[in-house]
Amino acid sequence: MSHNTFGHLFRVTTWGESHGPALGCVVDGCPPGIRFTLAEIQAELDRRRPGQSRFVTQRREPDQVKVLSGVVPDEADAEILITTGTPVSMMIENVDQRSKDYGEIARQYRPGHADYTYDIKYGIRDYRGGGRSSARETAARVAAGALARKVVPGMVVRGALVAMGTKEIDRANWNWDFIESADNPFFTPDPASVAVFTDYLDEVRKAGSSVGALIEIVAEGVPAGLGAPVYAKLDQDIASGLMSINAVKGVEIGDGFATARMTGEQNADEMRIGNDGKPLFLDNHAGGILGGISTGQPVVARFAVKPTSSILTPRRSVDVDGKDVDVRTKGRHDPCVGIRAVPIGEAMVACAIADHYLRHRGQTGRIA
Amino acid sequence: MSHNTFGHLFRVTTWGESHGPALGCVVDGCPPGIRFTLAEIQAELDRRRPGQSRFVTQRREPDQVKVLSGVVPDEADAEILITTGTPVSMMIENVDQRSKDYGEIARQYRPGHADYTYDIKYGIRDYRGGGRSSARETAARVAAGALARKVVPGMVVRGALVAMGTKEIDRANWNWDFIESADNPFFTPDPASVAVFTDYLDEVRKAGSSVGALIEIVAEGVPAGLGAPVYAKLDQDIASGLMSINAVKGVEIGDGFATARMTGEQNADEMRIGNDGKPLFLDNHAGGILGGISTGQPVVARFAVKPTSSILTPRRSVDVDGKDVDVRTKGRHDPCVGIRAVPIGEAMVACAIADHYLRHRGQTGRIA
Amino acid sequence: MSHNTFGHLFRVTTWGESHGPALGCVVDGCPPGIRFTLAEIQAELDRRRPGQSRFVTQRREPDQVKVLSGVVPDEADAEILITTGTPVSMMIENVDQRSKDYGEIARQYRPGHADYTYDIKYGIRDYRGGGRSSARETAARVAAGALARKVVPGMVVRGALVAMGTKEIDRANWNWDFIESADNPFFTPDPASVAVFTDYLDEVRKAGSSVGALIEIVAEGVPAGLGAPVYAKLDQDIASGLMSINAVKGVEIGDGFATARMTGEQNADEMRIGNDGKPLFLDNHAGGILGGISTGQPVVARFAVKPTSSILTPRRSVDVDGKDVDVRTKGRHDPCVGIRAVPIGEAMVACAIADHYLRHRGQTGRIA
Amino acid sequence: MSHNTFGHLFRVTTWGESHGPALGCVVDGCPPGIRFTLAEIQAELDRRRPGQSRFVTQRREPDQVKVLSGVVPDEADAEILITTGTPVSMMIENVDQRSKDYGEIARQYRPGHADYTYDIKYGIRDYRGGGRSSARETAARVAAGALARKVVPGMVVRGALVAMGTKEIDRANWNWDFIESADNPFFTPDPASVAVFTDYLDEVRKAGSSVGALIEIVAEGVPAGLGAPVYAKLDQDIASGLMSINAVKGVEIGDGFATARMTGEQNADEMRIGNDGKPLFLDNHAGGILGGISTGQPVVARFAVKPTSSILTPRRSVDVDGKDVDVRTKGRHDPCVGIRAVPIGEAMVACAIADHYLRHRGQTGRIA
């Protein structure tokens, strides 16, 4: 990964700040002949868009994506775009840039934010809206991920919020279909959890506080053989992608941290020849990856999102002049940034798998 | 990262299987003028070497490292090698390659191992000793890490085993000096834990079983400003490096997964101007990294190592001919591979930070 | 280099076709604190812009560049933009997209063009305006190059057309200042050549023919020490950049191909200690680069641009249906595409040197 | 390309100096299942080995290659090695390291050599044998190239010396078979040229002088579709690889520099449908590459090698203490280093094409 690029053969470069005219991405290396519609990309963007419930920031951004290059319309149906194999540039214009006085924010280091580290690193900082650390950057990832989903035939990547602060879902109630329900502002797979999360988050929001969350991503239909044994492990590149999301502090694959407490007997995924004569795994502690290479089982990853540091409660900090200050973050902020991390996590997993699909095909030629 | 390379400016390429004539690494991009001795590299290798206690595999490998290129001896003291800025090639010959009949192993897929995925990916597999997935590959990382430690002036990277299976250390007893003690076969920082771990692991070993472990790495003396906001986050590259270690299933930075349960108030690392007039963090929940960029505080990472799948208890599996088999792994195996992961984790963290040190200097020129 | 990216620390990714809504580039890794104006970027773009004389294509494109990210305005003078160290995205909208019937072009392979190879490679082709092979893509390089010029303090990169078809300049008349003169539509450094080139090219143009050209780029103020001995030679990366320009078929450094005929005595650049006590080269056959590393002398590169294949004279070819056809290219075409290659060559050399400047600083820390 | 690595999917990293214990390369990304013998690799190395005629350096190096990793022997025939898809490490030990007094060489900058630029860049220099700039480094490339030749089914890469100093071959006499003849110490394809080159080079050698050379590489059996339109042009990557060879000062593809003097009519490679119903090129001015993508015709590249700077005639220079000196290079040196550049050039072209073969397969899946 370069500073603003990820992937090797399916390469995504993102650019843009939340308070400039636009942001976007360039997807390079996309196979030719991939067919998609603008509506499909837009649908993914709409899933992470702010302003859709009282639990996410009220910034009003239509987040309309434009495809600027790398496609030709299908001759029979101009709605359908076909990739040509050249770079696909996508752009989202920023609309809701409320003019405001950045006086304090420009000079104070918000605790838990990157303000201080930016200044140390670059000696200059775009304090308007958090610069590159703005959650708006993730819109570009989601657009790229929408394309990545099309690269691996038959792959389905879905995500769910499985815990918020101290509240967890009940896995017995898991229902993938419920996640996209209109009554579900949380991407939770457990219908019973909606009321619990609603009450909990209302409380957090009213207190001007924030909470963390735990997200789970499952990729089904991933062919066996993707990844590599050492420094191009599929799990490693998924972990790298998820850790690159704002506010993520931990990543695990399959049973993850729980395996540290297990014995070899508990952790082994036993195999048998199935009725179709093909090898069958009897369990999936490994999360679909063994020795860095996909097994053909579902790929399972989880990541922890810290509570946003933008809270109303004053926190002790310092300013650029070397003076002590107390910082209280006003304005539009998500009480749980983890919610909108669900589609972002899906996008990063989809991109990592698409990249390895092409890399595997390149090295071995053992896949169509 | 390429298949067998990690890092951008401090680039490490490793090669070799456990049953070939040798294994090694090429460190490219090392700054010129770095002074070190062969004994310093060897000392790091000795820390991860097998055969040193009954708790690690009894394979007897001297693991003597040779430096084949990229250095000149100091004119005053030939023990001291000085890097010239050209690639440093290091090689470790394999000595203890017991000839044995690989008949069964060659045809059976050991559950939890990469045997099956290798065959699916490559259509061919070096079944002797696990091929590239052998723990011996990690010797090359440790050699590279010994050099990386020298790249960042003043940096100290240390690691500790903080849990083994269901047993944990008491953090109140943390003593860095104890870790290298001759009485400590576990890299535990808690002297009181030695007896507990000894009894526990003896039991595991006698049962032919295995257990997982939790490792913590702390890098002190890391200058503020290393990393980048989006896809070259320092925490992301540390996570990627740690996830590339065999058997690692999860990685977290600072408070990691615990932050998912926290509020913004709990998680904020407040700041004040210190007595020396410089900004001072009052806490380190972030593990020394904010917005992907180092803060100057200690960088803290933890990773989970699964129990090795090589156990005496028979497990159900299949073979290359598509038949059901029961696999029971005989031979020399670590009951807790996590122990020797401590110096390996240190090496990966040191390499990631050295790489970002050079990248930061390259882009900004803001560091000597 | 990736498919649409060049450079390592100063990385340029370009995107866009000539007949889409826009084209552009993302410059990643630019140091923070670089100060520039939009007018400076635009001035470079204007140098390669079509439609400025009868010797270049009459396509009317204003080529107005927009900077979409990675900068903040100077607080004292909003005309001055300052890079923040995050990706600089620049975009140029396509305006003059004459709607026309692509019927024939869509189905015929123009000889000497990439039509046939595109179809073979991708199985799909954006035949409108040549797709990625359009000369318009080079506008993005020129924009990136304008920024690259600012990265290396004191560097000046200039180019000149030194031959057109069978006509050459007289080096005795070399005058850098004349190149930007309003009376000079050829970027020739020899005032006496203007009349010769004018008559020659008018003839070529009227005949519906085209001619090749030879371009020379000179970079002064390049610090000694940039490059590396083996696969990151400065001359190699300059050659790679120049060969990536459309229609370039050859590149040489310093005395280039002439050295194949020389003896060691003729080719050696002797040295003496100068009056200022510093080493002084008495000659520059090497073109400012020895062993892949800059010497501090001017870096000199030349490249050959083939005649454009778009000519009025019918040429034998085939079509997508496997039938013989005769192709005659109508429309707006440069009789000598080499002319506009001058600012493009400058941009590629500036980018290569800027990249190595950052890489050298990263590895060695031996430059400010 | 990184400092000591080239290629993307077929990646070659070389290491080693001429006066250390060994040198070698790591080939990463090689497809699994490639079958070869050690003798095949050795045969390529023997072609560039010194000490085989009075026209090349008399250093006596057996250049015996060892394969240390990444292969398993064929079960039926242990001579045959099969790649496993993991890194292939190859090593060549240095044998003939005459101990000598480097006193003068250590302190003087030889004109035309990289001595001065190394010191400026790194502040330290391995003056024994030229360090990384030693021609011995190229043995590693040739070993890698021998493997690359196997990656593209049906590809044949051959090279020839076409000019030496002021003497040229007669293309009418071109005979590929003659190049490997025992009577041909020059890799010339023209039997009549041997006597001419012999007399000429004897004269040069006796005068303690040196001359340059022109080398041509032809790759046949290259599938159409390799490369990409912009920054991953096949010609660009071939040019980059050839320019990375020591002493190379210019590279051209197809008609190369001659195209600058041509008209569009002269340069067009016309096409017709052949008797087999497939498109047929009637000419190959383009050298097998259009728009950066291979056409299926032979790929043709030429490069210029400067005369070695190691000559007996004293040249003016300076030393590390800032004093004027006269340098006269004694010892074993090739009067025409271009001769041995033939197999090296072949290797670089083979590697570039192999890399693009895998990249094309990765992105498009349109090749087996």
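In this document, chain identifiers A, B, C and D correspond to the written order of the chains, with residue numbering beginning at 1 in each.
Following the convention adopted for this analysis, contacts are C-beta pairs under 8 Å (C-beta built on N, C-alpha and C of every residue); 3 or more make two chains touch, one makes a residue touch a chain.
All values reported here derive from a predicted model rather than from experimental measurement.
Looking at B-C alongside C-D, one finds more C-beta pairs in contact between the chains of C-D. With respect to subunit A, maximal separation of chain centres occurs for D (centres as means of Cα atoms).
With centres taken as mean Cα positions, subunit C sits 45 Å from subunit B. Note on chain placement: the centre of subunit A and the centre of subunit C lie 38 Å apart, centres being C-alpha means.
In terms of their C-alpha centroids, the spacing between subunit C and subunit D amounts to 27 Å. Residues of subunit C found to touch two or more other chains are 2-5, 8, 14, 29, 32, 85-86, 121-123, 131-132, 229, 363-364. Contacts from subunit D toward subunit C in the complex involve residues 1-6, 8, 14, 109, 111-114, 116-118, 120-123, 131-133, 137, 163, 165-166, 204, 209-214, 224-233, 235-237, 239-240, 243-244, 246, 249-273, 277-279, 282, 286-287, 289-296, 304-311, 313, 315-318, 322-324, 338, 360, 363-364, 366.
On the subunit D side of its complex with subunit A, the touching residues are 8-9, 29, 31-32, 85-86, 229, 358-359, 361-365, 367-368.
Touching subunit C in their complex are the following residues of subunit A: 2-5, 11, 13-17, 20-24, 26, 28-29, 32-33, 66, 68-70, 72, 82, 84-89, 91, 121-126, 131-132.
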